[in-house]
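The two complexes that follow have chain A in common; it is paired with chain B in the first and with chain C in the second.
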Partner chain A sequence: MIFNSLIFLCFVVVTVIINYLLPERFRSFFLLFCSLAFIGYYNIESLLAVLVFSLFTFYISRNIRGNRLLYIAGILLNAYAVIMFNYFFATRQGFDFSYAAISFNVNSFIIALGLSFYALQNISYLTEVYFGRWQPELSFKNFVLYNSFFPKVVSGPVMLPREFMPQIDRNVITHERLAAGFNRFLLGLFKKMVLADRLAPAVHSIFDFGDANCGLTTLAGAYLFTIQLYFDFSGYTDMALGIAKMLGYDLKENFNLPLRASSVSEFWRRWHISLISWFTAYVYYPLVYRLRSYKKAAAVAGILATFLISGIWHGIGITFFLWACCHIAYLCFELLTKRMRSGLSEKPSYLFYKLAGIFIVFNAVSFSNIFFRSGSLSSALLMIKSLFSDFFPAGWLHDFIAPLAVGGHQVDEFNFYISIFMAAAFLLFERRINRIANSGGFSFYYTTACVLLIFLLGIFSNGERFIYMQF
Partner chain B sequence: MREHMDTSERLQQVFRKVFQKDDLLVSASTTAKDIRMWDSLTHLELIAAVEEEFNIKFSFSEVMQFNAVGDMLVALSRKSGEI
Partner chain C sequence: MNTVKKITLSVAIILLVLAGLSRLYDFALRHNANLKAAYVQRAKIDAEILFHGPCEPLWMISPAMLDSQTHVRSYNLALSHSDFADNYLHLYFYLKHNKAPKLMFLYVTPESMDANYNTFNTYRFAAFTGDPVVDSVLKECDPGYAKWTAFPFMKYAWYSSKINFDALQGLKHYLQHRTVPYYADGYEPPLQVVWDNHLEEFIQLYPHGYNFEWNKLREKYLCKTIALARQYGIEVVLYESPVLKEALLYQPNRREIVKRIKGIADAYGVEYVQFDKMKIAESRKYFMSTLNLNMEGARIFTDSLGKYISGRLYYNEFIRPHL
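On to the complex of A and B.
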């Protein structure tokens, strides 16, 4: 049940209506039922895995305070869940994976992989309870709803116990919240179906065919993937936040105009915010706190640990490792040149500095995403090689466009230009569009514009999955 | 009161030293948002310098709750009271 599929839309509509009609005290029971049904829809094994991991985490959390052994056991089990599910994806297809008595087959992998988001929330819950910052939850229903609430179970946002649990029994739905949730959901659907999925064929053509393209085309492919990933994942998040709001809960924001960041550290404060703040709270700060007398070396060690673990979390393999290495290098460079750059940014040419920063960061992130997107090290290296050779070959204008406008006909080129135009226009007016999508009133023009554009320009046929569902 | 003044002045010197800015002014309400260089990459370097200056140790949960300079001043005065 992918977020942009018809069956999921029907599921959401029915859930929102029933939840709205139910008395407040029954809503959390109903939403738990829906969440488990959502997981069970994929397969019964995933549902069993969720229930078993939840039961285990719930029971040890009640005796965990001050019990280091139990805490470590709980963390290891959930960390094992993350690695197991990601390892499962790394093998990609044609695969049966047996874990104890539960056998996962390839049809079941989507939700099983979503469990790496689920496991992060269990780890944060255990940590908060162990250190006495959160009281153990007494209700198993509330605990499972916290880690498995269906809008966020597949790809986040990752919520800390204090951010979600207090909301569970205070489910408030007003007309204003319904309208705001609907607007946000529509924005997400638009980003996914019109912006991200229209760019997908061009990205697919550059990354997956192993052809030696000219440097300029490869560069365009890398840029387009970064933009596609942003629209895909932030579109998913908008849909998740919108659905949750219509169901009475607020989820955490995950993106804040990341492509406008003028340093990589700023980028990581704006991109996948819930994941990076999880890593900052549970990996980076505890480590750097212990090593703080080593000053800068402590921060370097923190960056190293955070991104290596983040790389493993995304997937076990050399490409994710190299993606992590890129960001480690960027952030260490920024840390060590911070003072010099801070002096530069205060010069009168601040605007130039800012724009140059945005351009450099976008290039750096797009470069690292070559590893993130490539299926293998050899194809990533091939792309990098072509980036630095034959940038403007003879007849480059034709050769540049042809591999991107998949199909080779004039209409395909036209289609490609429309995609680029839509994405660029959106990025330019993003702040304004977000403001409308977050408003609490029903807007006839906004709704009509979104629906029309989705029907006219959206991609319906290929049912592209969300990229972040694999993690 | 005088002691409090001294503490904030000393704290200001630490900030100036860590962020290498001689004209940096900090008050109780100054937060990380007000100082461009103060982020998660430099936060614990700053903490280590404050600890060194005042010869104290902050706990991990104290460090995590420092959202503004005022929080540090409160923690410092509590620690000096304990001593």
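On to the complex of A and C.
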């Protein structure tokens, strides 16, 4: 049951209505039931995984105070789960256990829905409790709900205990919240179905059949993937935030116009905010604090550790490692040239500096995303090589469009141009659209336009899975 | 205006617009001369010979070339990426509005029986839902789609990326009073005429060869297509055009599947003709992929096919193709 499926839409409508009608004291029970049903519908192994990890973490948290060994054991258990999850995802292998009539494949157990997201939450929960910044949760039901809350279990946002737990027992649903949640959900659906999934075929044809791409095609592929990834993930986040709001919860924002960032550090303050703030709080700051006497070297070490772990979190493989290396290089460069650049920014006009910054950051991020999207090192290197040879051959546009036209003559060209137009128009008016989507009232024009555009241009049939579901 | 009124108005407008759009798309798609499903139901084709199947006959058999040889009118009803259910519905549409042809050549190979090759293209029939035959096929071949089509406009929204362009084109055809399709006799010369490396990729993917999987639904609709044709008194010939010989090395169970196809042909008392002994099957220079001949290869094959058909029509005997 993926977020952009019609069955999920029905599930959300029913859940929101029943949750709204229920007395406040029963809502957490109902939401727990719905969340477990949602995970169980995906696969039973995922349901088992969330219950087992919650049980372990819950038990450890009750006895963790002053017990360093237990704290480390809890952290390692959750970190190990993430690593194993990514290892099995990368290798697509598994161990088969057979004992008498029981046979069990570890692979299917490990590839559990949202494990790497709630494992991070568990680590932060144990850390907060261990250092006495948060009281251990007394209710197992509440703790399981914290891990399994269905709007966020698939791909976050990663919530700290202090951000989520207090909301469980203070669940207020107003008409304003319902309207705001609906607006946000609709925006997410639009981003996913009309923008991200429409760009997917072009990205797919360039990255997956692009042995002979020229430089400009590779560049276009990298740009398109960056935009697709943004619409896909931010669309998912909008839907998650919208549903949660309609159920009486506020989840953390994950995106803040990241494609308008004029530096890579600013980009990371605007992109996947919940994950980066988690890494900042639990990896970067502790390390920099420890090494504070080394000044800039401490910050460099912090960046190095944060992004290497972030790379491993995204996937075990050389391509994710190189993606992380790109961002380490960008951020270190920015750190070390900060003073020089601050002088530069005062010379030309602010607007020019800002626009140049946006252009450079978008290119840098798109370049790193070649590693992120490529299935293997060889195909990533092939694409990068093409950037520096035969960049703009004659008849480029025809050759660029040709691979998109898989059996469709002008249909695919038509779709491609519509997708580009829609994406560009959205990015141009994004701030204004976001303002309407975040408003608490029912907007007649916004709702009507969104729904009609989804029906007219949305991809219903083979809706793509969300890219971040694999992490 | 209060919120309840706004919501009601919005829902009403959305439903109204969707219902209106649905009507508009129905109209536009039925007027698109380039859509075979629509064209064969509007135009009087009345061909004596039909060629049917997926992209192989579509790209290889030129009725214009054949007609000069056989002196009878033929039409190419084939469609790219189509399976037998797709073929069945197109034949059904054709026979609804046109006189039954004498002969129908239906392309059948082991690939046709395997669900990994080609597919049922639901979107081609979106404008014709409501017809009980169409609805029953849709329900069987694309149940996910069939479930949601009752919702206004959903039958078009479901495959919008495939349909919007066709609807716009249909509207254009209506406004320009265009009734003749871009490819009037149904034959589409292939866009790609160079070797497409498909075999190399195939070998890389299946170094030890690929075993075809027999699909029951394909079998069912192959039988239904033959039965429908025979119901109208059409003589059916199942055929396989030349397949690149070197590709056969990577298809261990091809013979076994061919045997099963022959079994179906025997059961219905129809002929299964394989043009596998033609010399062109031995050289890549006549192919653009393992199953698709290029322009030159297709010309040689069509010539052989023309001789076969002439023999069949005028002498009622089988003339063996050039070996």
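The rule is simple: the second predicted complex is superposed on the first by the 441 of 471 C-alpha atoms of A that agree within 3 Å, B and C clash if a C-alpha of one lies under 4 Å from a C-alpha of the other, contacts with A are read in each partner's own complex, and residues count from 1 in each chain.
Definition applied: a residue touches a chain if its C-beta (ideal position, glycine included) is under 8 Å from a C-beta of that chain, and two chains touch if they have at least 3 such contacts.
It should be emphasised that the depicted structure is a prediction, and the values quoted were computed from it without experimental measurement.
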So, after the overlay on chain A, do chain B and chain C clash or fit? They fit
Return first, second, both or neither, reflecting whether A:Y285 touches chain B, chain C, both chains, or no partner chain.
first
For A:S349, using the defined touch cut-off, is the partner it touches chain B, chain C, both, or neither? Pick first, second, both or neither.
neither
Look at A:L335 in the shared chain and tell me whether it touches chain B only, chain C only, both, or neither; answer first, second, both or neither.
first
Quick one: is A:A298 in contact with chain B, with chain C, with both, or with neither? Answer first, second, both or neither.
first
Which partner does A:R133 contact after superposing on A: first (chain B), second (chain C), both, neither?
first
Please indicate which partner A:T448 is in contact with in the superposed arrangement: first for chain B, second for chain C, both, or neither.
second
What is the angle, as a multiple of 10 degrees, that the CA centres of chain B and chain C span when seen from the CA centre of chain A?
160
Aligned on chain A, what is the least Cα gap between chain B and chain C? Give it in whole Å.
39
In the superposed view, which residues of chain A touch chain B and also chain C?
none
Under the touch definition given earlier, write down the residues of chain C that touch chain A in their complex.
3, 6-7, 9-10, 13-14, 17-18, 21, 55, 80-81, 144-145, 148, 153-154, 157-162, 164-166, 191
In the complex, the residues of chain A that touch chain B are 131, 133, 265, 269, 280-281, 284-286, 288-289, 292-293, 295-296, 298-299, 303, 331, 334-335, 338-339, 342, 345
Contact residues on chain A for chain C in the complex?
6, 175, 179, 198, 405, 407-411, 414-415, 418, 441-442, 444, 447-448, 451-452, 454-461
Please name which positions on chain B make contact with chain A in the complex.
19-20, 36-37, 39-42, 44-45, 47-48, 51, 60-61, 63-64
